[in-house]
Amino acid sequence: MNKVFIRIIKYFVLVIFGVFVIVPFLWTLVSSFKPMNAILKDIAPFSIKTFIPVPFTLDSYKELFNGGFMQSILFSILVGILTVVAGILINSTAGFAFAKFKFPGKKAVFLTVLISSLVPFEAIAVPLFIIVRWMHLLNTMGALVLPMIANGLCVFLFYQFFKGIPTDLMEAAIIDGASWWRIYWQIFLPLSKPAIVSASLLLFLSQWQSFLWPLVSVQSSKMRMVQVAIAFLTINERTTLLHVLLAAAVMSSIIPLLLIFPLQRYYIKGFVTSGMKG
Amino acid sequence: MKKWFIFSMILVVSVFAFSSEKITVFFGSWMEGNFETFKEVNGYDLLERFTEETGIQVEPIFYPFRELIQAIETRMQAKSVSPDVFEVDSPLSLSYYIRGYTEPLNEYLTEEELNSLKEKMFPATIKIAEWNGKLLNLPFENSSQVMYINKDLFEKAGIEPPKMDVNGRWTWEQVVEAAIKIKETMKKEGKEVWGLLFGQVSRPYQMLVLPQSLGGGSGVSPDGYHVEGYLNNEGWKKAMKWWYDVNNTYKISPKGVAPEETTYLFLSGKVAMFVQGTWDIPTILQAEKQGELGFEWGIAPHPYFKDGEPVTPTNSWHLAVNPNSKKIEASIEFLKFMSRDDIIADWFKSVGQLVANREAMAKVIETDPKYNDFPWNSYKEIVLYELQNTAMPRPKTPFYLEWEDLVYKCFEDVRNGADPIQSLEHYMQIIERLAKKYQGGK
Amino acid sequence: MLKKKNNNALRGPQGLSRRSLVAYLFLIPSLIGLAIFRVLPIIYTFIGSLFNVDYGRGGTTFVGFENYLDVLKDPIFWNSVKTTLIFNVVVNPLQITIALILAVLLNGTARTTRFVRTLFLLPLGVSVTIASTIWNILLNPNEGLVNSFLKFLGIPSQPFLTSPSQALWCIVLIASWCGISYWMMFLLAGLQDIPSEYYEAAKIDGATNWQTFWHVTLPLLKRTLTFVIVADTIANFLLFAPIYVITRGGPQWSTNLLMYETYSNAFVFSDYPRALTLTSLLLVMVFAIVLLEIRALQKEESL
């Protein structure tokens, strides 16, 4: 009886949230295949037509991809991957230091790292621009990648994770004469796969969704990040090209998912390894 | 690697500018699509043509429309040398000048050149760009508003729609009456439609003509430094009350539709009268061509108040020079090129935007047979007349950026049911406070 | 015993300094990055907030803390503080609770579970800007999908984003649509890291699902949860896009969150020093709240 009841509640919660998440997305998906004047025509009054892509057209996707959208997607993925690789390395080492070492000034440094994760980009655009210009990085890949690698939240994420790994493991390795780098590289990093996946997601999405910084710091149309490209392709004169925007929304949500798919397996792997050692 | 190479080249060029042969002018623009259309239609690349003629290269830096202003603010506050030339929304001319974002053109142009510029431009475009005898930037594009008509809805309600004739211009009173009738007729058929929709709803660009038509002026004192007594005068109060009624008493206009979505609502056939810029003509034509429109449409002149003057919104994008630029002379060359009659004529023909250069535009309209047929005949019948006679610029004030944002919010609040008089007083006080930082050295 | 001895040896004066050195080496790469790209701009922000701009007289002048006094006297600022706090008090617990429930429900390897999980991740890649545009259409008072659905059910239309009393809650809704899936990902990762022995032990002890959740899952998830709470708080305090795209702070200032007020001052009201002042205040405020959260959640653990 109890079990059935729980099951009902479980499905109820999933359905409610599912409707909340999926209906807007479904509408977006369906409407992206409609000609632009049918989108608002079918939305009210509410009927089955709202969720059927008739009349059907691929115009919005054609417009999107004729505008060089593919290049922007690939470029954003490249920037995202560079950021993830470099970011995982330096933020996890910092998290490791905070979690497993005692050193003078630790608290002050940690608070600084925490504060640094609080600054809103819109507010620091001007000083950041001046700094990047001073480093002669404007209009380069460096302007996009370098400022986004070190990430206070990412450090915090790894710190939280590493704290949970028993110190015994580390002390044992020290006795065996392992170097600190080896302890980090061969023990801690392999154990932290779930944290790495989360941190990768955080870093990748921060680049995938970044908009204002690429807009200000890079001028060339060949280095156009995906959100900037969407703004270009959808804001025409004084109107939003709604059908193209919807197609862009569909495309920009599918690509991170394709990247997350293979990573889902790592969740299970991470679970198995730490399960054995924990 | 290539980027690095180009970048270091640019660095070298800017450091040793005097010894290098080729100069590159960076041009901040949101009109990427327009430049592409220009090339497609005219068969040559505008910027390449300039390089062929002068040896100066122009490298465009494109920004999305909505973010151009923000990108320019960030770069100018950081005193960036690039872009050398950029597009500025013309009512911001004075704001940019006062804050050191633009270099006036007088020093770099001869008296003769200046006079010929002023001569051939539409008067409102020069008016918004001049300050204390200085020409702050170069008028480039222009705009005008008309009223698009859904003839099917008029027919169903048994009303004769307004014609494409400036002498048969409707009053707002007529508009409201027809809108109510159309809405009610359709309601009986079980369909919800809207009588009236403003394309740039709540944006001062479009709403300003309401108080202007009622004699309320532009909402800012003539010297450009105050709003008290100007934003809350009788004309403004009347206009605001009318705006309140349209949305809340008669309910003939939909709430919550953003300016970017209005065209879609008109295309969907749910709007009888759509007041919008001429820039939507190609969009409607395209929908019609694809067989998606589903109704007969027409174009009528912009309405006015019965007891007031006919006034129409105007102005658009100008080209300005960055005072921190290291290539001002070359930038001026580019501006001169961009004001030439033949270039402007090609721009007007291909891009679908009105231009500030009256002579060039009138010539194209007179010679090209395309302008004899609907819908382009509206340029001949309405637009040229409006630009020359009824076009009224927005206020010339250093705090236009602040003013624009807050007056937008005021119209938006009233649209959503806030008290019109109280809202005007409220926003007037906020603008007056923000104006203080400009009043010191007056 | 042996281990302990070794430990003591390592904690000797020399050992300590060697360990510290190693720690610094591990820290340096990210610290350099943060110092250049985050701390320097913060310093710039604070210094800039001590100046005032007067275009009438020309240029900027040093005014000390005058901007702060000005801001603290401004009713619009206090309205923003109030709105920001109300927004966060609602949106953070809401997002985290739902994300946690979903993470627990979807923590499994069955094919259907994985499928549903993937569906729920759809909003991840959609930028908040685009999501806001879409939701603005769906929530339109006359032509929106939500209202036309309500009408279908016989419920009267709601004004949603055009009403001063509903707009903020619509922003909560939009922020949650974008945020819940994101935080669910982190919590799922945390759940995956709880060794299965704990659950097996709980099962053997005859614990109910609820007891297992309360006594096994939650304590072991605490570190991940702390991270999610802190990160979510920061994200929501700095939320900006929906306001920028849809309401611009209105109607009648009801959605004028502090971050948007800062943006307005920097890019619309041409008052950069005031924007820097607001940024500094916002920074102090969020920092205090985040510290409180960490303290409250990790009482027993010191740094």
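Of note:
By written order: A, B and C. Residues from 1 in each chain.
We adopt the following convention: a contact is a pair of C-beta atoms (placed from the backbone, for glycine too) under 8 Å apart; a residue touches a chain by one contact, two chains touch by 3 or more.
Quick caveat, the model's predicted, so the values are computed rather than measured.
Shown here, the protein chains touch in all possible pairs. Contact tally for B-C versus A-C: the pair with more C-beta pairs in contact is A-C.
Centre to centre, using the average C-alpha position, chain A and chain B are separated by 37 Å.
One simple way to say how far apart two chains are is to compare their mean CA positions; for chain B and chain C this gives 38 Å.
Chain A and chain C have Cα centroids lying 14 Å from one another. Across the assembly, chain C contributes residues 137, 142-144, 266, 272 that each touch 2 or more other chains. In chain A, 40, 44-45, 126, 130, 231, 240, 242 are the positions where the chain touches two or more neighbouring chains simultaneously.
The set of chain B residues touching two or more other chains comprises 70, 77, 192, 258, 261, 265, 270.
Put simply, chain A touches chain B in their complex at residues 35-41, 44-45, 55, 125-126, 129-130, 133, 136, 138-141, 212, 215-216, 219-221, 223, 228, 231-232, 235-240, 242. Contact residues on chain C toward chain A in their complex (touch as defined above): 2-3, 6-7, 10, 16, 19-20, 22-24, 26-27, 29-34, 36-42, 44-45, 98, 101-102, 105-106, 109, 114, 116-131, 133-135, 137-138, 142-145, 147-149, 151-152, 177, 180-182, 185-186, 188-190, 192-193, 195-197, 208-209, 223-224, 226-227, 230-231, 234, 238, 240, 259, 262-263, 266, 272, 275-276, 279, 282-283, 286-287, 290-291, 301, 303. On chain B, the positions that touch chain C within their shared complex are 69-70, 73, 77, 95, 98-99, 192, 194, 254-258, 261, 265, 270, 398-399, 401-402, 405, 408-409, 412-413, 415-416, 418, 430, 434, 437-442. Of all residues in chain B, those touching chain A in their complex are 3-4, 7, 11, 26, 32-33, 59, 61-67, 70-71, 74-75, 77-78, 80, 82, 192, 199-200, 258-265, 267-270, 277, 279-280, 283, 287, 290, 292-294, 353. Interface of chain C with chain B (complex): residues 53-58, 76, 136-137, 139-144, 159-164, 246, 248-252, 264, 266-272.
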